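Notes follow once the structure below has been shown.
Chain IDs A, B, C, D, E and F follow the sequence of writing; residue 1 opens each chain.
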Amino acid sequence: MKEEESFEEKRERLNEMVMDSGNLEIKRFFNLDNQVYEEGALPKKTKELLGLVASLTLRCDDCVEYHLNRCYEQDVTEEEVMEALSIGLVVGGSTTIPHLRVAVEKWKDMED
Amino acid sequence: MKEEESFEEKRERLNEMVMDSGNLEIKRFFNLDNQVYEEGALPKKTKELLGLVASLTLRCDDCVEYHLNRCYEQDVTEEEVMEALSIGLVVGGSTTIPHLRVAVEKWKDMED
Amino acid sequence: MKEEESFEEKRERLNEMVMDSGNLEIKRFFNLDNQVYEEGALPKKTKELLGLVASLTLRCDDCVEYHLNRCYEQDVTEEEVMEALSIGLVVGGSTTIPHLRVAVEKWKDMED
Amino acid sequence: MKEEESFEEKRERLNEMVMDSGNLEIKRFFNLDNQVYEEGALPKKTKELLGLVASLTLRCDDCVEYHLNRCYEQDVTEEEVMEALSIGLVVGGSTTIPHLRVAVEKWKDMED
Amino acid sequence: MKEEESFEEKRERLNEMVMDSGNLEIKRFFNLDNQVYEEGALPKKTKELLGLVASLTLRCDDCVEYHLNRCYEQDVTEEEVMEALSIGLVVGGSTTIPHLRVAVEKWKDMED
Amino acid sequence: MKEEESFEEKRERLNEMVMDSGNLEIKRFFNLDNQVYEEGALPKKTKELLGLVASLTLRCDDCVEYHLNRCYEQDVTEEEVMEALSIGLVVGGSTTIPHLRVAVEKWKDMED
């Protein structure tokens, strides 16, 4: 049942729905969206931080939560996350604050 | 004469004009805008890359050029810059391409 | 009771609340917002697709759902919708993906 | 319990969580975000209206609700609010309409 | 000759070109765009400040220059303008700084 | 010499510079950016109009000029272009007007 699925499950279910839609360009975009965060000249950790700050300045809660999750997996520390978020806050202004709140709550939840 | 000043000189001259305007909050913001890029838990280099990608996704040429300059000073390599820009491109979409072109041209100019 | 009203009913109720507020310019804007999608040199169907893509690139879920509804009424096919959405995705970048997911789910719901 | 807290309580709780995170630049930004709305050459009331319109054009529901609250406290009339919102609507376009609906509903709720 | 026309003349010439294009909705929008700034429950001066801050947060140089001009005509003082701009800066973040510089330079030019 | 190159030549030269940078994801994005406008369930003409309106609402002059060019090649009429632009104007608001002016001037230039 839809009611019981978690944020991650819903995300996964809808991603599959999108991929099943059969549009080739959308599939290619989704692949590309994974590839740019792969280890390269820049380490994965840095790339996830880049994704996180871009998500905050563009004020996308889903994207912020996703990259925070990946940052957590890459052993980013709280201090590092907060510094990255502070850059996003200064670049994007007070209009990013509601998303900063979501980020900090999500981070605390992951740490507990 | 205004005609002969470089981009950097004009930027400097206008920044001083803003700071001279006597508004305390604007001055504080400008200070904060320097502080968030200072060495901390994250190295300066990473912070400049964060500023660069945020600038690209928000499509701000002046900001892109400024952070590219700082990245260059922090010995970021071309491969690293291009990976950072590729993340900005995928996050922000084709609407960032004109700014990506500015970035790549500016980078080549600095290398020459 | 508010709890039981659907998305469309809530939208309708709030639109009336806005129209009742007695601000003439807001009323004129709402009228204009209907007029631009009327049949003209471009068919209604094309105009709804234009509204849909603009809504996706500006990342407005309400607007996406509204124009998807109108596209459905204009007999736009799933393949056409997906092509339109793929343009929005490439123009607006990965930050539109959460809204693309909403769109695809809404479309499937309407087809069922 | 989280379930029972109001929008304002949640906002307050999360703001404290952000402030407790110990990042100095974020704290400074939050202070600055209060200072710019203080009485000055422009009256508080005008400044809250400026914050309201900026929030509408940037399509931030939380920010819209916050500044509406402050406008209400500053004895802004409904006619004044609607004129301010009409400017935001014309500057920001139909993509602000979902946020305009939130604003009008919130205003009516405060008046009741 | 095009070379010799000022910013205001070019703006005027292009506006006429748009109005001459014969699209009724565009004409109506242009009219509406004038009406929302007319004296009402809020004075013209406040409305121009609202337009100015919205223009800064949306980072539109042309719009910033236009509303600064109108603010100047409404006898807004430099201190008031700077306070309004400081709100736009805090709401919109460092990405508005290039436009803030344009605004301050334009203001100084008008005062001279 | 750089001075003598046209807008299209500069665009072409910079695109090659970007492609030569050797970042695979950027190349893939550029390819994808061409593919989504190819003839499909929706005709090329409609897709170019979708690109045009998305470009206007995202306020990207380069993108607007590019898609106007392609619309012209696809025999879109002036009336059709103006209707598409009127949708972009209403969706994106008065902040798109400077870009609408660029579009109308560019269109007249192509017709002459």
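The rule is simple: a residue touches a chain if its C-beta (ideal position, glycine included) is under 8 Å from a C-beta of that chain, and two chains touch if they have at least 3 such contacts.
Computed from a predicted model, the values in this text were never measured in an experiment.
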item	value
Touching both chain A and chain D (chains)	B, C, E, F
Required steps from chain C to chain F (each step between touching chains, minimum)	1
Superposition rotation for chain E onto chain F, Cα-based, multiple of 5°	120
Matching chain pair for A-D (criterion: over half of the contact pairs shared, by residue number), options E-F, A-E or C-F	E-F
Chain at maximum distance from chain F, centres defined as averaged CA atoms	D
Chain of greatest Cα-centre distance to chain C	B
Gap in Å, rounded to a whole number, between the CA centres of chain E and chain B	26
Centroid distance [mean C-alpha coordinates] between chain E and chain C, Å	30
Sites on chain A at which at least two other chains make contact	25, 29, 32-33, 36, 54-55, 57-58, 63, 79, 83, 86, 89-92, 94-95
Chain C-touching residues of chain E, taken from the complex the two chains share	24-25, 28-29, 32, 35-36
Complex interface listing, chain E residues touching chain D	32-33, 36-37, 40-42, 46-47, 49-51, 53-55, 57-58, 63, 77, 79-80, 83-84, 86-88, 90-92
Chain E contact footprint on chain A (complex, rising order)	57, 89-96
For the chain E and chain B complex, residues of the former touching the latter	59, 78-79, 82-83, 85-86, 89-90, 94-95, 97-98, 100-101, 104-105, 108
In the complex with chain D, residue positions of chain C that touch it	11, 14-15, 17-18, 21-23, 25-26, 29-30, 33, 54-55, 58, 60-63
